[in-house]
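When the chains are written out, they are named A, B, C and D in that same order, and each has its own residue count from 1.
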Amino acid sequence: MNVESMYQEIILDHYRNPRGRGLIEAPEGESHQVNPTCGDEVTVQVAMDREGHLHLGYEGQGCSISQASASVMAELAEGFDLATAEAARAAFMEMMRSKGDAEPDEDILGDAVAFVGVAKYPARIKCALLPWMALQDALVKSGAMKEGEK
Amino acid sequence: MNVESMYQEIILDHYRNPRGRGLIEAPEGESHQVNPTCGDEVTVQVAMDREGHLHLGYEGQGCSISQASASVMAELAEGFDLATAEAARAAFMEMMRSKGDAEPDEDILGDAVAFVGVAKYPARIKCALLPWMALQDALVKSGAMKEGEK
Amino acid sequence: MTIDVDKVREDFPILDRTVRDQRRLVYLDSAATSQKPIEVLEAEAEYYRTCNAAVHRGAHQLAEEATDAYESARARLAAFVGATPDQLVFTKNATESLNLAAYAFTNSSVPHGQGDADPRFVVGPGDTIVVTQMEHHANLVPWQEVCARTGATLRWLGVDDDGRLELDDLDRVIDETTRVVSVVHQSNILGTLNPVRLLMDRAHEVGAIGIVDACQSVPHQHVDVHELGADLMAWSGHKMLGPTGIGMLWGRPDVLEGMPPFITGGSMIETVFMDHSTFAAPPKRFEAGTPMVAQAVGAAAGAAYLERLGMDDVAEHEHQLTGYALERLRAMPGVRIIGPSDNHERGSAISFVVDGIHAHDVGQFLDDRGVAVRVGHHCAWPTCRRFGVPATTRMSSYIYNDTADIDVALDAIRAAQDFFGA
Amino acid sequence: MTIDVDKVREDFPILDRTVRDQRRLVYLDSAATSQKPIEVLEAEAEYYRTCNAAVHRGAHQLAEEATDAYESARARLAAFVGATPDQLVFTKNATESLNLAAYAFTNSSVPHGQGDADPRFVVGPGDTIVVTQMEHHANLVPWQEVCARTGATLRWLGVDDDGRLELDDLDRVIDETTRVVSVVHQSNILGTLNPVRLLMDRAHEVGAIGIVDACQSVPHQHVDVHELGADLMAWSGHKMLGPTGIGMLWGRPDVLEGMPPFITGGSMIETVFMDHSTFAAPPKRFEAGTPMVAQAVGAAAGAAYLERLGMDDVAEHEHQLTGYALERLRAMPGVRIIGPSDNHERGSAISFVVDGIHAHDVGQFLDDRGVAVRVGHHCAWPTCRRFGVPATTRMSSYIYNDTADIDVALDAIRAAQDFFGA
């Protein structure tokens, strides 16, 4: 595998044209995550509507992987209920731990399956995970999820 | 060379029968030296009489080398004038730096030439030097010698 | 014997050398530092030859592999004491580990602009810190410094004539004022194995942080941090077949979490501005600068070697040798053992004095016969004072020693006695 | 070329390996850590195989030889910077060296029972400590900590657009309130070589202690402590062909003499009682615990290797390579050099950003082509902020690099530009 195949078209597309980027109006939880090795930053905000659907805002700066990952995540999880969001996060984590050998479930992860190749590069895994870590932390802060619930 | 030859008869004799051990009445300078690796201790006191002759007192505890060295030194330097004492000290230092190859001058060092074999054992050099360092320090403290005069 | 010493010796090239006048090297100074098997040297060299790079930072393949080597070493060494990798901090030696622990108290207690110190680490006048009278200087001087800087008071458990802790006093020495109990697991001078669990439980009863100096136990027996009941535990790589320049501090996660940084700089930060910084979570918080990567890898190889022998067999082997040595020493006229003279709850370090012969002179005779032992106060000067001796001779055996080694040592002691007429 | 790179490479086995898809390894990350020649590994292994023992303590032949190896290494490394052995303290890395210096101030300023602190090291409110805006975190965070604990104020010299220190302000920034001036000799992120002599002279004019972080200069050019005019100077072994786990702090004797202990324990004491201790003279005072003996020996072997090449030739070789790289980078559209873009008073570390492509993505392409560089803030985050970039890509060459290496790197940058359409 070479580098070009790690940068799947979907990743580049989300990097160049981030979906739903921006903050939301009345966030119930917010988390700012930094990758101290390279300075990548992502802020994720969450709010739950009355039907228990998740709404997301985000901002950030950094490499293609962290920023595309934020965009893919925001698009995917928007409108999810808590359980589905959590399932997606767990599936993403598992995929990133797979060293690139996983066959991720597109039904759960949608476009996020494109990140499977990133798992081959330990230094980039943190980049891909950054928005998902922010999502979890924001959910904990909003009270929607309890700490340690993983 | 084996260990028995390092322990010259003179050394053992001074160790078993230390000469002139004890403190003096009106010391003008005193120095307590410790070898922090093994805890050997020597205290040396000095006084100069009106004719400029050195009088020494000493006490200590430790190994045969440090204690015999104190005894040999005290016996040797008793009654020396400052210059002669300093010459003896310098000669002793040089002998101890020689790695055991020196042919020390018995006229200057007297019984102290017996320590030449000790110079082969780096860990014991400190033991042999301890009383001589105390002597120098005591002389500095008494005002008879200036600091840094070596 | 539970260990095939001849086979083990093949892995330690230094043991083939001769010393002085062509004497076989009899190395009985493993309590000071152990020798290293070839595979430890090879593990280090292999690291440098194949993947040396800055860890945790680079985004290239070498850096990935170096990071992996470093973190795998951490995992292996943590597992060696029953812990998980996130609980293990690498330092340069046990002395730094203990200072890291001690500075957590000083740094929490000294005013600091950003001061929201964890109250468990704040000490001051009226508080006490408890050690024992058999501590290595590394677990004594740092606490003297904490006391001098914070106004806390140092207390200690005494040692009895047989080299055991005086525990009658326990509840008086460790009381409600006590904030730290830091004790040696196995004394490097006396050989005594202390009832650490009891001390840690008492520490926790009064709300103190419990710390164990495990320098002389982890290399010699199976140690499990959970069984010990400590909050922090320090030990060194070089005493367990590993390279010089690597130490370990294990900590309970919530305890490490409460500790402020000690050495600061790169790799231990979260964000840095010109005028302030925030810090990473443990263990990184305590690993500023380029770490001892090759040394961690080497120490892990040392641990692997020991695991292969089996720590229970290592302990049993040493127990047998120690029993042999104690019995013969006890039978020697003019020899006095400093420390437990029976082979019970003690390790393989045996200190003794010979009537009429200073330890330095005893050591000289041993050296002359090819025996490497240590003489002096063994960095436990107050313990020497307790026994009224300026110094002792200490022989300490390990996996590569056998009874023949002990015999050579005993013969040399006899030669010294003959020579000095003692 | 002044250095026969092909010949040098034969001594570095790691350079024969391939990375990723069978690419030749092009190691351009020596500012992070250098590779090690075989003779450094061999010097370490030789030490373990022949005379490994506790230094300064044992009275046996091994201990004598180990002590000799350790002290000879000290002498060689001291001579490497024009100093004498008694002026050189061994630490685990430059970060510890700088912390040792910083804690001298904190520990002198915090009340201490035995408090007769040297006034040169006592700082408090109203006093200032001066660094620069291009410090590595290792020479920034420790001073932030000193300020937080003592009430002193941190000031810094700014950096201009070309990556040079703003010196117009010098006499205002370093003034009568200044107690410490601690500056990097050569910036690890910008490559800038700073006029350290000027800064040290100004420090002394106002009575401040002058400190130099020489991590990036000592490995790359002839450095003489007396020419620099510093009071203390810190650097690392692992960046100058030596092993990981060894750092150096050089100090002027009277300055070291005034510094209180940092890490305490065995080997740094004079006498120890249960309730107090006194300390040895420098350098021992600062070397508590079992030292990094094999690493000191390895670092000395690294210094010997460099001396054989000749530090002037090393510097000239790097200067030529840097000139080559700068010229080509300047000619590349979309590439911006962060730091001095002319090859004058600068070293071989070259940082740059590529328009529209994050450094992490640039690094990924370089890695894919076999090129090891570092991407990120290079432990100089405030410097990145100064230039308004979150991260840079940095290539840094050393004695085993040639222009072909630079060419591979530049091709990879072009490939990244093509791929990202930037």
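In this text, contacts are C-beta pairs under 8 Å (C-beta built on N, C-alpha and C of every residue); 3 or more make two chains touch, one makes a residue touch a chain.
It should be emphasised that the depicted structure is a prediction, and the values quoted were computed from it without experimental measurement.
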{"item": "Contacts common to subunit B and subunit D (chain labels)", "value": "C"}
{"item": "Contact-richer chain pair [A-D vs A-C]", "value": "A-D"}
{"item": "Whole-Å gap between the CA centroids of subunit B and subunit C", "value": "38"}
{"item": "Distance from subunit D to subunit C - Cα centre to Cα centre, in angstrom", "value": "30"}
{"item": "Approximate Å spacing (C-alpha centroids) for the pair subunit A, subunit C", "value": "45"}
{"item": "For subunit D, residues that touch 2 or more chains besides their own", "value": "20, 57-59, 63, 269, 271, 360, 364, 367, 375-376, 381"}
{"item": "Set of subunit B residues in contact with two or more other chains", "value": "37-38, 121, 124"}
{"item": "Inter-chain touch pairs (all)", "value": "A-C, A-D, B-C, B-D, C-D"}
{"item": "Subunit D-touching residues of subunit A, taken from the complex the two chains share", "value": "2-4, 6-7, 12, 37-41, 61-65, 121, 124, 127"}
{"item": "Footprint of subunit D on subunit C - complex, ascending", "value": "13-14, 17, 19-20, 25, 27, 29, 32-33, 35-36, 40-41, 44-45, 48-54, 57-63, 91-96, 98-99, 106-107, 110-114, 133, 136-142, 144-145, 147-149, 154, 156, 236, 238, 243-247, 261, 263-267, 269, 271-277, 288-295, 360, 363-364, 366-367, 371-376, 379, 381-382, 385"}
{"item": "Residues of subunit A touching subunit C in the complex", "value": "34, 36-38, 121-124"}
{"item": "In the complex with subunit B, residue positions of subunit C that touch it", "value": "20-21, 358-361, 364-365, 367-368, 375-377, 381, 384, 390-391, 419-420"}
{"item": "Subunit B-facing residues of subunit D, complex", "value": "56-59, 63-64, 67-68, 269-271, 280"}
